[in-house]
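Below is one structure, written out as structure tokens, with a few remarks after it.
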Amino acid sequence: MTIITILGFLLIIIGLWGMLTRKHLFRMILGFSIIDTGIHLIIVSLGYIKGRTAPIFDSDLSTFDAVHKIVDPIPSALVLTAIVIGLAVTALMLVYVVQMKRQKGSLDISDYEELKW
Amino acid sequence: MILTIIIVLGILMLVAAFLALYLKDLLSAIIAAGAISLMASVIYIILAAPDVAMTEAAIGSGLTTIVFLYALHLVKKEQGEKND
Amino acid sequence: MLIAGAIISLVGAIFLFLGALGVLRMPDLYNRMQAGTKATTLGSILFMLGLGLGYYNQICICKIILLLLFVIFTNPISSHALARAGHFFGIRLIKRSVLDALHDAEKESEL
Amino acid sequence: MIKRFFSLFFVILLIFVFMPLVKDIKPLSELGVTSQKYAKDGAKELGAANLVTSVVVTYRGLDTLGEVTVLFITTAGIGFLLRKRSTGKNKKRKASEILKSGTSFLLPLIVLFGVYIFTHGHLTPGGGFQGGVVIASAIVLLLLSDINLHTDHNILNWLESLSGGFYIILGLLGLLLAGGFLDNRFLPLGKFGEIFSAGAIPIIYSLIGLKVGAELVGIISKLGREE
């Protein structure tokens, strides 16, 4: 569905804007998780076909005419693993933020100026 | 009908994304970011992907929020009584 | 059967709406939490019962009873934990309220 | 201020780059070639009713292996960053009686629900990842209710390594006895639609569920235990 694709792109742009302009470290990670959600929405919406059902065989869906009745299973499978990885990476980033706070005592990105140019 | 649901959910998601970036209170911002995932899981049901919907509802709005809250707790404990 | 189920679900939906209205309109945290818990518990119970009556078959009824048990057990526990955390966090009651049993009990145990 | 203009410029550039992509996306009307093959032969070949499960576990099993590896590495990184620091124990509020008794009633039910989700992954929506997450949320409830609990990290480590190792061993058995790495057909396929069917898929998905659950519990208990 195209409208959901557009929604996913809007979420990506909002998240990127947040990551670029906000100064607080937690806000940047929140922007990252918004980008994550947007990407997942786009990938799942690319596999949708109008008027079809989920790829699970039961009494209503036989294996013979499945080709004309189910949506694409591959994007679902890819997103399934991507969500779990997203959680793990978010947790790792948060732990880094906690360590940075312990080292320097600040949560503002403009206080970290070792690599500033 | 389904198009209306999708449009309403989409507008709510965009509003929640802006709230997550611009609310003053960090706790409310984290809750808003969890709400985005919750609405996304409803959209996955509409897109006929129940597996993804289950995962997103459990991870995106459950565990991610909990991990954020634990990290916020740790950071605030470092800070002492000063508030932010 | 379908009509009876529809009526029961409608009543449940009205309760859910009242719960949402209560969350918006009530004055302080504890009142809001009470509206958001009591009304939505009853509302979701009625809604699911109506659904089960409307599409009556045995597997459906069994699943709905399990769901109801889960809602009945989890909803009060979670709101209890939230209200208790709010109390110890230091959120005040509204001025007009007359009774704070947890505060009184704490004072008694200190004495 | 310069920086803000720079970010605005960057975001607008991104919009212009992606605009043609969004405009040219047409909704699918037919499945792609690979998906058509999966839809036609997947149920007959592997015997799993849930096509997403057979894609995740068998057809793209190497992806899942890599994903589990990434999860393991992030868990190890978190454990490394949050090494034990010797600070004094601070006092915590005790959990209330209602929460404790409610937890003792609800915890087995939630764990049972998680196990149900990952053993029925080949029949109904759900599977290892979802079941592992449900088990991890049960452990969160335990952490919230009984604050002085110490999750035994040795048990967690053993559980994680054993399930990971058995996952690889099952993959190698598929390589030896059947068509290729992580092929599930070295066990009999059984009757379509029953719980003991689909060859090794339920076993592999249960192992993935145990591994994911152990890793997520490790992350959360490390974050929650830190003082």
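The chains carry the letters A, B, C and D, assigned in the order they are written, with residues numbered from 1 in each.
Operating definition for what follows: a contact is a pair of C-beta atoms (placed from the backbone, for glycine too) under 8 Å apart; a residue touches a chain by one contact, two chains touch by 3 or more.
None of the values given here were measured: they were computed from a predicted structure.
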Legend entry - Partner chains shared by chain A and chain D (touch criterion as defined above): B
Inset, instruction - If you tally contacting C-beta pairs, which comes out ahead, B-D or A-B? Let me know. - result: A-B
Inset, instruction - List the centre-to-centre spacing of chain A and chain B in whole Å, with centres computed as mean CA coordinates. - result: 11
Inset, instruction - Would you mind pulling out the distance in Å between where the CA atoms of chain A average out and where those of chain C do? - result: 32
Inset, instruction - Let me have the rounded angstrom distance from the C-alpha centre of chain B over to the C-alpha centre of chain C, please. - result: 22
Legend entry - Inter-chain centre distance, chain B versus chain D - centres from mean C-alpha coordinates, in Å: 20
Inset, instruction - Could you check chain D for residues that touch two or more other chains and list them? - result: 50, 52, 125, 127, 129, 133, 216, 219, 223
Inset, instruction - Please set out, as single numbers or ranges, the residues of chain C touching at least two other chains. - result: none
Inset, instruction - Spell out, as numbers or ranges, the residues of chain B touching 2 or more other chains. - result: 49-51, 55, 59, 63, 67, 71, 74
Legend entry - Chain-to-chain touches, reported pairwise for every pair that qualifies: A-B, A-D, B-D, C-D
Legend entry - Residue ranges of chain A in contact with chain D within the complex: 1-2, 5-6, 9, 13, 16-17, 20-21, 46-50, 54-58, 63, 66-67, 70, 72-74, 76-78, 80-81, 83-85, 87-89, 91-92, 94-96, 98-99
Legend entry - Interfacial residue positions of chain C with respect to chain D in the complex: 70, 73-74, 77, 80-81, 84, 88
Inset, instruction - Give every residue of chain D touching chain B within the complex, in rising order. - result: 50, 52-53, 125-127, 129-130, 133-134, 136-137, 140, 216, 219-220, 223-224, 226-227
Inset, instruction - Spell out the residues on chain B that touch chain A in their complex, using ranges where they run on. - result: 3, 6-7, 10, 13-14, 17-18, 20-21, 26, 29-30, 33, 36-37, 40, 43-44, 47-52, 55-56, 59-60, 63-64, 67-68, 71-72, 74-75, 78, 84
Legend entry - Parts of chain D lying in touch with chain A, wherever the complex brings them together: 4, 7, 10-11, 14-15, 18, 22, 25, 27-32, 34-36, 38-40, 43-44, 49-52, 55-56, 60, 63-64, 67, 70-71, 74-75, 77-78, 81-82, 124-125, 127, 129, 133, 193, 212, 215-216, 219, 223
